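Okay, so chain A shows up in both of these, paired with chain B first and chain C after.
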Partner chain A sequence: MTSAVGHGGRVLLAFAWQGARTSTAYTTAYWMELLNAAVRVFAVVTVWAVLYRSYPQQFPVTGGQTKTYAAVTQLTAVMLTWWSGAHHRIARQVRDGTLYVDLLRPVSYPFQLLCWELGESAARLGLVVLPAGIPLFVLLGLGPPGSAAGGLLSAASTVLSFVLLYECNFLVGLVVFRTLSLKGVQHAYHALITLLSGLWIPLWLYPGPLAAISQVLPFRSIFYTPAAVYVGYLDGPAAVRACAVQLGWAVVLWLGLEAGWAGTRRALSAQGG
Partner chain B sequence: MTEVVVHELAKSFRVRDAGGRSAVAQLVRPRYAVKEAVRGVSFTIGRGEMVAYLGPNGAGKSTTIKCLAGILAPTSGTVRVGGLTPVRQRKELARRVGVVFGHKTSLWWDVPVLDTYQLLRRVYDLPRARFEARLELLRDTLGLAEFERTPARQLSLGQRMRADLGAALLHGPSVLFLDEPTVGLDVLAKESLRTFIRRTNETEGLTVLLTTHDMRDVEELCQRILVIDHGRLVFDGTPAEITRRWVPWTEITLEVARPVPPMAGDGIEEVAREPGRCTVRFTRSRYSLPEVMAVLANHYPVLDCRVNEPTIEAVVRRMYESSATLPASRRPQP
Partner chain C sequence: MRPLRGLSLYGHYLLLGFRSQAEYRVDLALMIFGVTVLNAVDVALLAVILTRFPALGGWSFWEVAFLYCLYLAALGLENTFLLHLVDIDELIRDGTLDHMLLRPRPVLLQMLAKDISPRDLAQVGLGLGGAWYSLHRLGLALGVAHWALLLAYLVAGAAVLGGIVLAICSVGFWTVRSRVFLAGTGELQEVVQHYPAHVFGQWFVGLVTLVLPFAAINYYPAAALLGKPTVVSGPLLALLPFLAAAGCLTAGGLVWRLGLRSYLSTGT
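Up next is the complex of A and B:
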């Protein structure tokens, strides 16, 4: 058992390292990604700053918190690249048949993919998010976490965001085994993330019904929770509760992922790819 | 000792059958047909054997390999590799077999070959010393040193195949499944790959099952040939036996001094003619070469002659041609 866990850890680190190498394989792409991240954060923060100045009474937080929330969610999105995660990798592998190669290895496919995504996200954190984010935070006068505990909790919450997003992406990717294409499914999925995750609009601005819908779905835990904890809108027991909800979703979705993959693997084994 | 056992293996797939119906009808009420890719195939392979698994496109070769590698579950029948049941014991099996699909690479596309190998070291949990020794051996035999620091996407096809073979053998498997490993390679690259496979078979007792459309692979590597057609095994024997069965004749090309009427005897006949040259075919079971030469010298004003022994390529071509023209009921049965 200990040996299996040790092996799993070594595989995770090795995949993560290679994921990091892959994300820096194309020099031009790297510099463009860095520029894109900076422009994107600057633009979104500016828009929210203008909105806040125009309608300050509509916001339950300060102008500084609003701008920081916008920057944190955008930088988290850059780190997680939610629009091109595991679902795209699965779709590509199903289409070009390289999935078979991954199935030949003595490590489960979902675990291989998780490790790979982790490596790429870790690399983007170090090579894109921090180099773009730190100067922008200084330049735009954005704030540190609401408290030290909030900062730590927000960091833990971001790790859970990664896991949650990976699980959602993987589950969406499983659809490709039936449809052989991400088209359609991807648009619906991305619309849900855009609307209900807090990526573009802080969920505290949502009217009752929409807020109620977001409460019962896992998407709010992906971007809203870590950013709301960071800026201190959620703090103390509320922040811990929000992170517990994240953890609960991560467990539930992992069980769903395992069951979904087991079914897909059975169908794949019976039917071919 | 038997390494691979395949008994009455059958594998069917359910495929969409539009059958001329409209796209809307197919969407609303899809129809399916059952495609039998492999039908009752049985064979065994002993440890250290190198066996060619031949058949026309769509015959069921890759499906069999995928069943052996644990990717596909048989619809019926049994498969055992190294004493393991592939689908049920897939992870254990992965440590005992290597697989190379010529059309697909197992290398991570954007990282250097060496990095892929380092990753595989972790995946297969190889001790560092064993990994280093193995890598050194592969460097020597596959000439990896010249491109091991190059990302897979920048390799030539020949280099990529060598790197893929290295990846498949890094963990020291006892069985190697090769699915068209020389496809698209130039003559030198093919030769270097064959030399490597032969040497590994000799030094490590590696068992090899090889599918290919290049008959030089078969001639240079395999002592035994399995032929599958329309999902059924239609031949299991040596290269000499397959030749005897499918091309029971030999052709002789004669340079002649002047044209004479074509020969059409019993078991000897002229099959081609050009100015100053004609080709005669005789059935080997009826005549020996000296007998035929005597008969030919009597009929033709022979200046020179060349005996064309049938190549495996010619044998297999003939086999595929006759398979394509024969109705299913008259195709050779195992």
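Up next is the complex of A and C:
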């Protein structure tokens, strides 16, 4: 058992290392990513600061919490690169036929992709999110977590966000095995995340019907939950409950992913010469 | 080559490109659906913000929607006709530029006439439709002259964008990779498309007016048409998008010519 866990850990590290190397292969691209991350955080934080200054009575939280929420969600988005995750990799591999290389490995395909994505996200955390985020937090006067417990819970919640997003991306990617293209599906999926995850607007500002829809879907757990816990809007039992909901979605989606992949794998046939 | 002959050849190439893309009807329909959904969600998010808060930097929701739609239409127009400018570095890397140089037609013409993007034409339609609806909701009935000015601003905006893209991508003659520099302006463009530039401070307005004049695509035209105050006013405000377009096209053309003159081929 110990050796199996050790083997799994080594496999994870190897793929993670590959993912990290890929995401840092081009130096100029790296600097541009850093620049884009800084511009994005600055812009979104400034918009919310302006709105708070003009209409403070409309917010259930302080100006500092509002700005910090905006920065945390944007930096999390940069780290997770939700718009180009596993679904894009699956689509590329199906299109150019390189999927079989991954299938030949003695490690399950979903686990390989998970490790790959983990490596890329870890690399972006260290090389983009922290170098861009720390100076921005200081310059824009953004705050630390609401409490030490909130900080820890938010970190755990971010890990669950990563897993949840990976699962959603993988499930969307499975569609490519039927359609051979992500077109259309990808846009609809990205639209759902943009609208219902709390990435751009804190969900506490959403009008009733839209907030109700977001309650019954997993997308709010991706960006809203870790940021709301970080700033202390969700704290104590409410924060624990939100993280439990995240965990529940992660389990349900993993079961869906395994079932979906098993069905796809059975129907899969590779041809070539 | 005579300009008229070049223009007719360009039109002929574009028609061929359009026909070939229109063959894939489902793909085309899915792409148009995708563009529509994503832009609808963008506007919905602006609506969520600006129905809760009456204005952002003095601009109401429908004014911001107009700003957004102007950029969308100009971007669509630029992408429709000038999309392949972003391929410059790839053409240099894979040696295709050498083939183009051997043909008795201008390289830029060959590159731009590769094909036309119906998806981006849909973006122009969405942008114009959204702009018309925003004006309607604002209770502004533009006359023919104002609509002509709006369309002229659209062309100027596409020219601004095209000039910037040409200048940045032509850097590929020296650096081999250039698309990545364009990607570096991605978030800046998003910001200018979504929000009035003055919200981010005077230094930002200066940046997107004098250095990378993305504000000339939508911010100044919208301000001129809606009568919103900006750092410039009067005739200069009305003319600024055209001046920016002339400046960007000149700069882009200069960098392109310099690059082409110094091009030594890949040597393969």
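Here is the rule we use: the second predicted complex is superposed on the first by the 266 of 273 C-alpha atoms of A that agree within 3 Å, B and C clash if a C-alpha of one lies under 4 Å from a C-alpha of the other, contacts with A are read in each partner's own complex, and residues count from 1 in each chain.
By our rule, a residue touches a chain if its C-beta (ideal position, glycine included) is under 8 Å from a C-beta of that chain, and two chains touch if they have at least 3 such contacts.
From a predicted model like this one, the values you see are computed outputs, not experimental measurements.
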When chain B and chain C are modelled together on chain A, clash or fit = fit
For A:Ile201, is the partner it touches chain B (first), chain C (second), both, or none of the two (neither)?
-> second
Mind working out whether A:Pro106 is in touch with chain B, chain C, both or neither, as first, second, both or neither?
-> first
Counting only touches as set out at the top, which of chain B and chain C does A:Tyr55 meet: first, second, both, neither?
-> second
See if chain A has more residues touched by chain B or by chain C, and give me that chain.
-> C
First, second, both or neither for A:Thr28, with chain B first and chain C second | second
Examine A:Ala191 and indicate which partner it touches, taking first as chain B and second as chain C; both and neither are also allowed.
-> second
Applying the touch criterion given at the start, work out whether A:Arg92 contacts chain B, chain C, both or neither, answering first, second, both or neither.
-> neither
Check whether A:Arg10 is in contact with chain B, with chain C, with both or with neither, and answer first, second, both or neither.
-> first
Please state the minimum Cα-Cα separation between chain B and chain C in the superposed model, rounded to the nearest whole Å.
-> 8
So the chain A residues that chain B and chain C both touch are 26
Which residues, counting only chain A, touch chain B once they are in their complex?
-> 7, 10-11, 13-15, 18, 21-22, 25-26, 96-98, 100-101, 103-107, 268-272
Contact residues on chain C for chain A in the complex?
-> 27, 30-31, 33-35, 37-38, 40-42, 44-45, 48-49, 51-57, 175, 177, 180-181, 183-184, 186-188, 190-191, 195, 199-201
Which residues of chain B touch chain A in their complex?
-> 13-14, 63, 66, 69-73, 75, 87, 90-92, 94-95, 99, 101, 103-106, 108, 110-111, 115-116, 118-119, 121-125, 151
Chain C partner, complex, touching residues on chain A are 26, 28-29, 31-32, 35-37, 39-40, 42-43, 46-47, 50-51, 54-55, 58, 181, 183-184, 186-188, 190-191, 194-195, 200-201, 205-207, 210
